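The first chain written gets the first letter, and so on, giving A, B, C, D, E and F; residue counts start at 1 in each chain.
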Amino acid sequence: MGRDTVVARKIETVLTTLIELQRLKRLDRTGWTLRGMANGTESVAAHSFGVCVTAMMLADQITARGLAVDGERVLRMALLHDWAETRVGDMPRTATHYFGGDARKKAETQAFADIIHDAGAGKGQYEALYRDYEQRGSLEARLVKAADVIDLLIQAYSLERAGAKGLDEFWEVANDPDFNLPAIAHEVVLEVLKSLLEARSKL
Amino acid sequence: MGRDTVVARKIETVLTTLIELQRLKRLDRTGWTLRGMANGTESVAAHSFGVCVTAMMLADQITARGLAVDGERVLRMALLHDWAETRVGDMPRTATHYFGGDARKKAETQAFADIIHDAGAGKGQYEALYRDYEQRGSLEARLVKAADVIDLLIQAYSLERAGAKGLDEFWEVANDPDFNLPAIAHEVVLEVLKSLLEARSKL
Amino acid sequence: MGRDTVVARKIETVLTTLIELQRLKRLDRTGWTLRGMANGTESVAAHSFGVCVTAMMLADQITARGLAVDGERVLRMALLHDWAETRVGDMPRTATHYFGGDARKKAETQAFADIIHDAGAGKGQYEALYRDYEQRGSLEARLVKAADVIDLLIQAYSLERAGAKGLDEFWEVANDPDFNLPAIAHEVVLEVLKSLLEARSKL
Amino acid sequence: MGRDTVVARKIETVLTTLIELQRLKRLDRTGWTLRGMANGTESVAAHSFGVCVTAMMLADQITARGLAVDGERVLRMALLHDWAETRVGDMPRTATHYFGGDARKKAETQAFADIIHDAGAGKGQYEALYRDYEQRGSLEARLVKAADVIDLLIQAYSLERAGAKGLDEFWEVANDPDFNLPAIAHEVVLEVLKSLLEARSKL
Amino acid sequence: MGRDTVVARKIETVLTTLIELQRLKRLDRTGWTLRGMANGTESVAAHSFGVCVTAMMLADQITARGLAVDGERVLRMALLHDWAETRVGDMPRTATHYFGGDARKKAETQAFADIIHDAGAGKGQYEALYRDYEQRGSLEARLVKAADVIDLLIQAYSLERAGAKGLDEFWEVANDPDFNLPAIAHEVVLEVLKSLLEARSKL
Amino acid sequence: MGRDTVVARKIETVLTTLIELQRLKRLDRTGWTLRGMANGTESVAAHSFGVCVTAMMLADQITARGLAVDGERVLRMALLHDWAETRVGDMPRTATHYFGGDARKKAETQAFADIIHDAGAGKGQYEALYRDYEQRGSLEARLVKAADVIDLLIQAYSLERAGAKGLDEFWEVANDPDFNLPAIAHEVVLEVLKSLLEARSKL
């Protein structure tokens, strides 16, 4: 098999990965649906976009205050943190209770590995980033987790501003944020949360 | 605590169960969404309705040919076979691969048990029926499983008749039906499947 | 025509019935749509599922208190009580005012008869059950009617809990329940309604 | 009660009519839903818009060929021909079979009368136009009926162009158009239908 | 080319126009979507229907009070006032700020001209009506603009009645209506607005 | 005003930016809607996610072949390239024709500037990246543009695989890709496009 064929086959598999990830564009986040919001409230892809935006802005504020954050790692990690859902679905929070957090992590890690199995050149890095995110092993990983929560709450706030009710349980996390971040990062995250709670109190 | 209070509390918990099961009315079956169908194609509640109807009609044909089927058990089992999804969500088929069939069964069984924990008088029976269904321990359980598959295929057929494509993988099961049913029941199920494949071939 | 052909044809017509009933999975309940809820709030199939669940649980509580209820009749009746809507649609309450209750009943009864015309072995029983339901001729029929109302109110409650307004007119029925049930059954139904009104008052 | 109060009350009732007619903006045309199209394919209000546009353009072509058509009557009639559906819903074609065409007409006529009961100054005219439309008593009424059919077929064509199937039964009417129109009007309507069938044959 | 061919070609182009205008049946009004309402809240076609209905009823009240209004012009103008959106989309209000009102008008006017380029006999009149509407050059044009605003507010009211929030900015226009209408027309429009604000205050 | 107040105010404005960008989660991409796909097919946020994923994978393949690409710039640019749509909406392609490409760019650039006006620390960089993207001034900018097109085509392919038709015009761009990229980058992009066209030809 000549070099050209190999390359062609590789690109083809990159395409296969991209096609599979398209599925996240229409997969509903079940948290909203289970609480009576209309279908189509938020797709997993739309949420991932929100996490990327939030993570980037948080990283930029933190950097500005003098703490080094690797922006590219933050963005890549935020982008891929939910890819496993193309294969395991968007499981509601209660599902973790029944499967166990470890089993869920293990299943998602394996699903992620299979999804990117033929993703070509970036594959090794994607796996390392995913592992880091799952283990909250770096400042970047923990920051993306904070962005994941903040995007959830901004979505809840947006829905409430439009008339939705019954979303209180989502806000409990905001009152007990234990993000395990270095002081400066923690400060920025807490300020955003505080502003958000204030905005909510004025609805 | 007097008898009245106890009764009132019990009914209240029955209501809590009913309210939780409402969630199935809007929870999308992810199988269709992940293959590009629009949100709202089929809710878990709508599917459960379809399984009940299919199971009842199959049972009635089988009974007419001389094999005893307990209609009430069939209906109750079909009705409750997906209740666990209010807590674990509608996991795509691939999810089973990553969690393992046993882990999934165990998680769903526990979720089911918690959902009906306060369902009052019927609770014991619901648990027995769910266990039987999960173990495929009776003719009725195996018949409901067949109805589950047939309703899936009728839904696929309906979508294809309306223009949908890309649903071939669902039909593979129809070509290899191994339902482990007594001869008469098997015969009826196979006839329905054959008719369905014929109808599909004319689209 | 040999026995085989006859059987094959019969099963084919059972399938035709099943395919037609699929339509209920996507047919919106117009009551919600006309009051400004989003499309896809509740399909007729999802509602039928809710009525089956409610009717089963009510029947089980009533039986536990010592009144004999035929569970299978309850379930079958709840399952099929809205099948006519595949042909006449989900008419809003006001439509009955303009067509007259008798004309509506007559039209739906005829539609039901046509839908199950080739439903095979169960046909006779389905017709008897539908007639009984329409006439509220038995405890089971009246219980299914109560379950029909309770499921409607639980759906209204769920929507209100999620922020919906303007659904007061649905609740009027809850304040004037005249279900014509034997004492024990009436007691159970009233307790559920009372609990529901209490839950609503806390929203 | 002085003049001012009367006027104010009148305007208030005009507003009540306008608010009720808003409901048509979200009421799905059941024909598409029952054939497997997604919810939200076409609202009754959107269809009425389509009938108005079609009727206006047909009228203008017919006028240009020398046959007098009253454009204002055509537009008003097209606009109001489905108002009754806020109260009786969008009944599927099969419903007419079960209720009888006369009963349906009678119910819709009464619903229409009640809807516009307080519509103020235009009320008498709206009633006359609705009656004319129901009786196909004028060229304008028959032209609006033709526009009603053509808009249905253009919608079917648009859906088929986007991939929908299973809509053949709608097209049968196009092959047997019996619109009872004067020669020039008939000619124009037939030409549009012919062009539409040609466009469809090229899909 | 004989007369028949010319006629056939013309009708074909009328059909092309009708097919293009179908697109408005599914195009969402972005104002609602951007404020968190569900997709499918209101299509541009449904809104156009609402403007036609509102404009007709306003015109009829005004005429009844002794001011001459050309009902046909009002209806035609209301019907076609948003056709340009098939090509430029439903731009949010803020878009006008960035493009400039004149640029928007110019773009929409050109889009409108292209859409009706082959609309046959009515073409000249449609252009004149659109120009008049854009310039608010006549009583009819200004009345249609008032109807455009009132339909928007009735939609907002309907959504709020169903639980929606966060729509205050739409209501600001109601408090500062500057419709530049003759006294009688202005009076009628103000009365409707006043009634609407009163109805809203009671929600 | 002390330092604390300034910081708090800044974070508040970052939050305001994040809340505004939430709107992209539900804003439909009009291209699909105008061609008859269901509402909710793809939000702008979901598309942006797709562009990020595609851009990252392309960048990684290109880097692997020896051409230096700044991954962080690629990701940031892909993430923010459609933010202006919260204010100007998702304009259909035809809109550019009527407004003129320069006017559109100018309006979007100003909208973008206003959106991030208070975005805090990253603001300057976001503006520079947006300007670069609009001018296709760097390899990264041109690569993101290629990713924008490829994500569009993968979405079209996914829809077609699910039964959609009438999307041919989107594919024309694939046959005439003029991406102005350095040789290695161009090679990778062309290979993906070729694979995609091949996959499409097998549907």
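We adopt the following convention: a residue touches a chain if its C-beta (ideal position, glycine included) is under 8 Å from a C-beta of that chain, and two chains touch if they have at least 3 such contacts.
Keep in mind the model is a prediction, meaning the values are calculated, not measured.
Trainee: Between chain B and chain D, how many steps is the shortest route if every step has to go to a touching chain?
Mentor: 1
Trainee: Can you tell me which chain lies farthest from chain F, using the average of the Cα atoms as each chain's centre?
Mentor: So the farthest one, by centre of C-alpha atoms, is C.
Trainee: Among the chains here, which has the CA centroid at the largest distance from chain D's centroid?
Mentor: Between chain D and the rest, the longest centre separation is with A.
Trainee: Report the inter-centroid distance (CA atoms only) between chain A and chain E in whole Å.
Mentor: Taking the mean C-alpha position of each chain, the two centres sit 42 Å apart.
Trainee: Centroid from C-alpha atoms only, then distance chain A to chain B, rounded to Å. What do you get?
Mentor: One centre to the other, that is 32 Å.
Trainee: Measure off the straight-line distance from the CA centroid of chain D to the CA centroid of chain E, and report it in whole Å.
Mentor: From the centre of chain D to the centre of chain E is 19 Å.
Trainee: Find every residue in chain E that makes contact with two or more other chains and list them.
Mentor: 26, 36, 38-41, 158, 163
Trainee: State which pairs of chains touch, listing all of them.
Mentor: Here the touching chain pairs work out to A-B, A-C, A-E, A-F, B-C, B-D, B-F, C-D, C-E, D-E, D-F, E-F.
Trainee: For the complex, give me every residue of chain C touching chain B.
Mentor: Per the touch definition, chain C meets chain B at residues 7-8, 10-12, 14-15, 17-19, 21-22, 24-26, 39-43, 45-50, 52-54, 56-57, 60-61, 63-64, 71-72, 75-76, 79-80, 119-122, 125, 150-151, 154-155, 157-158, 188, 191-192, 195-196, 199.
Trainee: Provide the residue numbers of chain F that touch chain B in the complex, in ascending order.
Mentor: Contact set of chain F toward chain B: 38, 40-41, 158-159, 161-163, 203.
Trainee: Per the contact definition, I'd like the list of chain E residues that touch chain F in the complex.
Mentor: Residue positions touching the partner: 23, 26-28, 30, 33-34, 36, 39-40, 86-92, 94-95, 97-99, 103, 107-108, 110-111.
Trainee: Where on chain B does chain F make contact in their complex?
Mentor: Where chain B meets chain F, its residues are 35-39, 163-166.
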